[in-house]
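We just call them A, B, C and D in the order they show up, numbering each chain from 1.
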Amino acid sequence: MKILLTGFEPFGGDSMNPSWEAVSRLPDTLYGADILKVRLPVEYHTVRDILECIMEKETPDAVICVGQAGGRATITPEMVAINWMDASIPDAKNVLATGEPVSLYGETAFFSTLPVKAIVSALQSAGVPASLSFTAGTYVCNSTMYHLLDLTTELGLGIPAGFVHVPFICEQTVGRGPNTPSLPLDTLVKGLTEMVRVIVAGEPTGGKQPSGYTH
Amino acid sequence: MKILLTGFEPFGGDSMNPSWEAVSRLPDTLYGADILKVRLPVEYHTVRDILECIMEKETPDAVICVGQAGGRATITPEMVAINWMDASIPDAKNVLATGEPVSLYGETAFFSTLPVKAIVSALQSAGVPASLSFTAGTYVCNSTMYHLLDLTTELGLGIPAGFVHVPFICEQTVGRGPNTPSLPLDTLVKGLTEMVRVIVAGEPTGGKQPSGYTH
Amino acid sequence: MKILLTGFEPFGGDSMNPSWEAVSRLPDTLYGADILKVRLPVEYHTVRDILECIMEKETPDAVICVGQAGGRATITPEMVAINWMDASIPDAKNVLATGEPVSLYGETAFFSTLPVKAIVSALQSAGVPASLSFTAGTYVCNSTMYHLLDLTTELGLGIPAGFVHVPFICEQTVGRGPNTPSLPLDTLVKGLTEMVRVIVAGEPTGGKQPSGYTH
Amino acid sequence: MKILLTGFEPFGGDSMNPSWEAVSRLPDTLYGADILKVRLPVEYHTVRDILECIMEKETPDAVICVGQAGGRATITPEMVAINWMDASIPDAKNVLATGEPVSLYGETAFFSTLPVKAIVSALQSAGVPASLSFTAGTYVCNSTMYHLLDLTTELGLGIPAGFVHVPFICEQTVGRGPNTPSLPLDTLVKGLTEMVRVIVAGEPTGGKQPSGYTH
């Protein structure tokens, strides 16, 4: 079994990105699965070609793309990617998108094919703060998730694939206000390790614990 | 021109729901348009039949469903409804949904056909706090928006239709913790009035101000 | 009866300060009391001389100093001022204080002599979001409250005197992030009016509703 | 050198209290200092007798009392304890205090005599999220800090003494909402260890980094 994990390059003035720091610290094999680690640029469109190229060449059995969600307090598997780009800062190629589709004639949205509820339960049982998220934002994290799921659909791959946001790591809180949530890098690595375990085990989607918001 | 606005019944132990309080205070005509006001039950599925019945009978030229999002600080037009129900509390018919589609073979998601960015700009210009939201949650607000847009698609109506969340009103903050955001009911009514103005004016979608989150 | 209310000049890049906007909109008499309105500079030390001068000349029967607490969601009477200045930005006279006493041999702290709990109850009953605060920060709002209470103690005045923080007003939320709490200026004016009513009525301190945090 | 550290018993329905979990995991000697560990009950007044008894018998050279501040994202040394008790829940002896002094004729407040700014800097340098807090609340944590500093003043001890709040640990976030901040227990232990190092080293108060809030 081969599992592809991606993290992002630093952006927005930071000198590192916890998503890549965590992914790059995983061992090369975990629970018997080969772990393939790729660092993606923070670019709306280049990401699609990179993902397509790797997926055709490496044919992974599962894909977890990881990104930073500064300000969140828990590790959040994303439920859905939407066909929309809308951000106040440009991507690393200086593309500014303030309200346009990721894919001109594409689907409105894709649901993650990762067992997101099982992942949340497993992380919580392992003492890693986790919750299910219903918005991946409208910047490069969301477009990456959209491209990933559009590709797995287009290529007819029935594999688990999706996106997970991680909070700031502790070192990033300095200078960011007195109540900025964070977790140690070790905890992020533990969370990703646990996700790989869930996927290798082929766990079902995680039963019926409620995960949503009541509005 | 005829515009349908809906609000919800109280739920979750509250004695009133600011969405219906605000909708019911609108006059019967606004900017030359007839305002049709309907109070919906907080029920996942009944809402679809009610909406379908009203839309067939009244053939409104636009629909704005309104709901409460306790804890939010601004009025938030929703960008997207997803095909998912997942909440820790049951609806008013005691239906508990902890991870299932709104519509078994339905679309993954629908985008609002309201001019959401124009609405946010107009509200802000009028001194009403507003921002665009990319998640309507996974309770009855989201399923109502999903049913509404599924219906307008199914019926081939090309009308502006969508969902708007409103914060608590000031009176609801008592006993809810020292930093619970709220707005006066008057401000909510002003916000809805401004939305009607934007729709009657047929304003385009609101230019290119960025609205999104950068993760 | 004469009541002195103060607000602050704009600071930190804003073009107005809601504290002064609200104070300046009060009528000249309220519930039979003369309302004296003074705009203070955002300066750690000048404020003391200004307050001392006004209080000697005008001998008010009560003093309410008002300041902005951006990010708070409710109007918050302050319980306590501490003998400490510590902020990342300088005051309007370019004084940067990063950890030093307001008064070299002064008291560690002063409690407000306003009926703070009665004020919170009265505002809530009037539909104005309010809660009691136990920190006025360590910038000019806190030092102003400290100077005020040090002065009333030094001069042997047994008058109600204290400080109240107000949130951003709605217009200030634009460009400040999608979930910035605010209230309309009218609501702030209504809150200050209600405070004057409580003070004129000579209400006791407000009974025994709990106001604190359980950590 | 002998350093006393205290943590609290569980309260408010929790089965453990991270403050005691962290304190109890410290070794018996650290950086050459003897570490004395005591678990305190969550009681407004009993705490004073316990502290007095231990301090007279053991004559520690420094005291750090530790408590839980659920909802905070960082470890927060407290700057000030105030002479006020005011909480919506009773203490463990069923004493409900909704607005009364800790000590009838006592000082209004005491400043921590710990090198709080040096501690914040040291923790941040060690990768432990930390910030200075200016309110310890008005429940048993605050009254404990008040009693401690009142005692060290009364007994004429010139020792470093104060209070530190810690966030929830990761395991406590389950069932507490999707964005509850937390840190691993290991990180809390690392933070307390670093505080002991700063105190043993006799570091000065930590220079002039600003720590405060600008309102």
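Just so it is clear, a residue touches a chain if its C-beta (ideal position, glycine included) is under 8 Å from a C-beta of that chain, and two chains touch if they have at least 3 such contacts.
Treat the numbers as computed from the prediction; the structure is a model and nothing was measured.
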item	value
Any chain in contact with chain B as well as chain D	A, C
Maximum centroid distance from chain A, chain identifier (CA atoms)	C
Copy pair chain B, chain C: interface residue numbering same or different (half cut)	same
Chain A onto chain B, rotation angle from CA fit, given as a multiple of 5 degrees	180
Cα-centroid distance, chain A relative to chain B, in whole angstrom	29
Whole-Å gap between the CA centroids of chain A and chain D	37
Distance between chain centroids, defined by C-alpha means - chain A, chain C (Å)	45
Residues within chain D bordering two or more other chains	132, 213
Touch relationships between chains, expressed as pairs	A-B, A-D, B-C, C-D
Complex interface listing, chain C residues touching chain B	72-74, 76, 124, 127-129, 131-133, 170-171, 173-174, 178-184, 186-187, 213
List of chain A residues in touch with chain B within their complex	12, 67-70, 79-80, 82-89, 96, 98-99, 107-111, 117, 132, 134-139, 141, 165, 205, 208-215
